[in-house]
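For reference, the structure is listed below as structure tokens.
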Amino acid sequence: MPVIQVDGPQISVDKKRELARRLTEVAAEVYEMGKEHIIVLIRENPPENVAVGGELIVDRRKGTSTK
Amino acid sequence: MPVIQVDGPQISVDKKRELARRLTEVAAEVYEMGKEHIIVLIRENPPENVAVGGELIVDRRKGTSTK
Amino acid sequence: MPVIQVDGPQISVDKKRELARRLTEVAAEVYEMGKEHIIVLIRENPPENVAVGGELIVDRRKGTSTK
Amino acid sequence: MPVIQVDGPQISVDKKRELARRLTEVAAEVYEMGKEHIIVLIRENPPENVAVGGELIVDRRKGTSTK
Amino acid sequence: MPVIQVDGPQISVDKKRELARRLTEVAAEVYEMGKEHIIVLIRENPPENVAVGGELIVDRRKGTSTK
Amino acid sequence: MPVIQVDGPQISVDKKRELARRLTEVAAEVYEMGKEHIIVLIRENPPENVAVGGELIVDRRKGTSTK
């Protein structure tokens, strides 16, 4: 029943496979539940849709920032 | 004011129309509010972005799993 | 695997039971999946934590608003 | 550490830049934290994935609704 | 229709009022929509339920961390 | 920048500490980022607010279910 939602950048299917498997193992151990009860939702966010400190990731990478 | 977020697989517009209409009817009745106050957000998740039991849906379908 | 997150006001356990049962029935039919794959998370939000039109629900009720 | 998730329609990168910058400024002031601690996630939802009052936005615009 | 979900620490009702009002103003301007279409959900997270860098906020404050 | 939201049952602070630390380690490795960029939000849901298969967890435990 635990649901793990992960918002991160775009990644390969192999990375998703590893992420889901390992997050599920951790949650199953900590919650002391069978793995079959754990759901993982991976959300891929383009760098223009995420900001840290008020600045879009896409701008940070470009060095558009003056900071 | 109630907000219903649904994470599921990709579906047709007709399915979305039915899903939104019926979820809203249920919420309006249970919360005893007018339907105009209910918002539904449908999120479509590709099968490589969702895992159950630590295994991506895309792998389950392929029978990649050894279980 | 579909996950339905509902943000609404505080409700009784009987209301939660009805909400979860009926939302699940709708989702199971539209997604053409067994009900056992559907998860519902009900979040109860106090009226001071939700705003519509920039005004907290708790203020709307009190008529604190000058509008 | 505050995380602001915004679900809205599709917008230009310039609009995203402005949205992220200004939401972050507000949150930093109200929470009395440095801006570098604020994360903004912008989610763009196609009009067929959002409903108000049980009706998809895409249908409202088309005037498909009989209401 | 835009929905803004804010996860932050516990704050006073006055702070919530200001946060909701100002976030709504920004969203209404950027999305070019009337304020009445904007919903804000404020979630208050106790410091033991949030982690940055793998460390709970409650531990950071206490200096429990050995780093 | 990755944000991990975990919805599960109520757990002790020690469990939260372990959950946050280990989920962060996994995400940092898979995303190839420093741990300081990873945020974890743990949400604790009472068993009357979560349903699987249309049935509240609180009812499943009680054996209220007739299934």
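Read from first to last, the chains carry the letters A, B, C, D, E and F; within each, the first residue is number 1.
Definition applied: contacts are C-beta pairs under 8 Å (C-beta built on N, C-alpha and C of every residue); 3 or more make two chains touch, one makes a residue touch a chain.
Computed from a prediction, not measured in an experiment: that's the story for all the values here.
Enquirer: If every chain is reduced to the average of its C-alpha atoms, which one ends up farthest from subunit D?
Expert: It is F whose centre lies farthest from that of subunit D.
Enquirer: Which chain has its C-alpha centre farthest away from the C-alpha centre of subunit E?
Expert: The chain farthest from subunit E, judged by C-alpha centres, is B.
Enquirer: Averaging over Cα atoms per chain, report the distance between subunit B and subunit C in Å.
Expert: Those two chain centres are 14 Å apart.
Enquirer: Rounded to the nearest whole Å, what is the centre-to-centre distance of subunit B and subunit F, using the mean of the C-alpha atoms as each centre?
Expert: Roughly 19 Å separates the two chain centres.
Enquirer: From the C-alpha centre of subunit B to that of subunit E, how far is it in Å?
Expert: About 25 Å separates the centre of subunit B from that of subunit E.
Enquirer: Counting only residues that touch at least two other chains, what does the list for subunit D look like?
Expert: 1, 3, 7, 22-23, 39, 41, 50, 52
Enquirer: Sort the chain contact graph into one of these: line, ring, star, complete or other.
Expert: other
Enquirer: Judged by the touch rule stated earlier, which pairs of chains are there in contact?
Expert: Chain pairs that touch: A-B, A-C, A-D, A-F, B-C, B-D, B-E, C-E, C-F, D-E, D-F, E-F.
Enquirer: Give every residue of subunit E touching subunit B within the complex, in rising order.
Expert: Residues 1, 3, 39, 41 of subunit E touch subunit B in their complex.
Enquirer: Would you mind writing out the residues of subunit F in touch with subunit C in their complex?
Expert: Interface residues on subunit F, with respect to subunit C: 7, 45, 48-56, 58-59.
Enquirer: Using the touch definition from the top, list the residues of subunit D that touch subunit A in their complex.
Expert: Touching subunit A from subunit D are residues 13, 16-17, 20-25, 28, 34-44.
Enquirer: Within the complex, which stretch of subunit A touches subunit F?
Expert: For this pair, the touching residues of subunit A are 1-9, 11, 15, 18-19, 22-23, 26-27, 30-31, 50, 52, 57.
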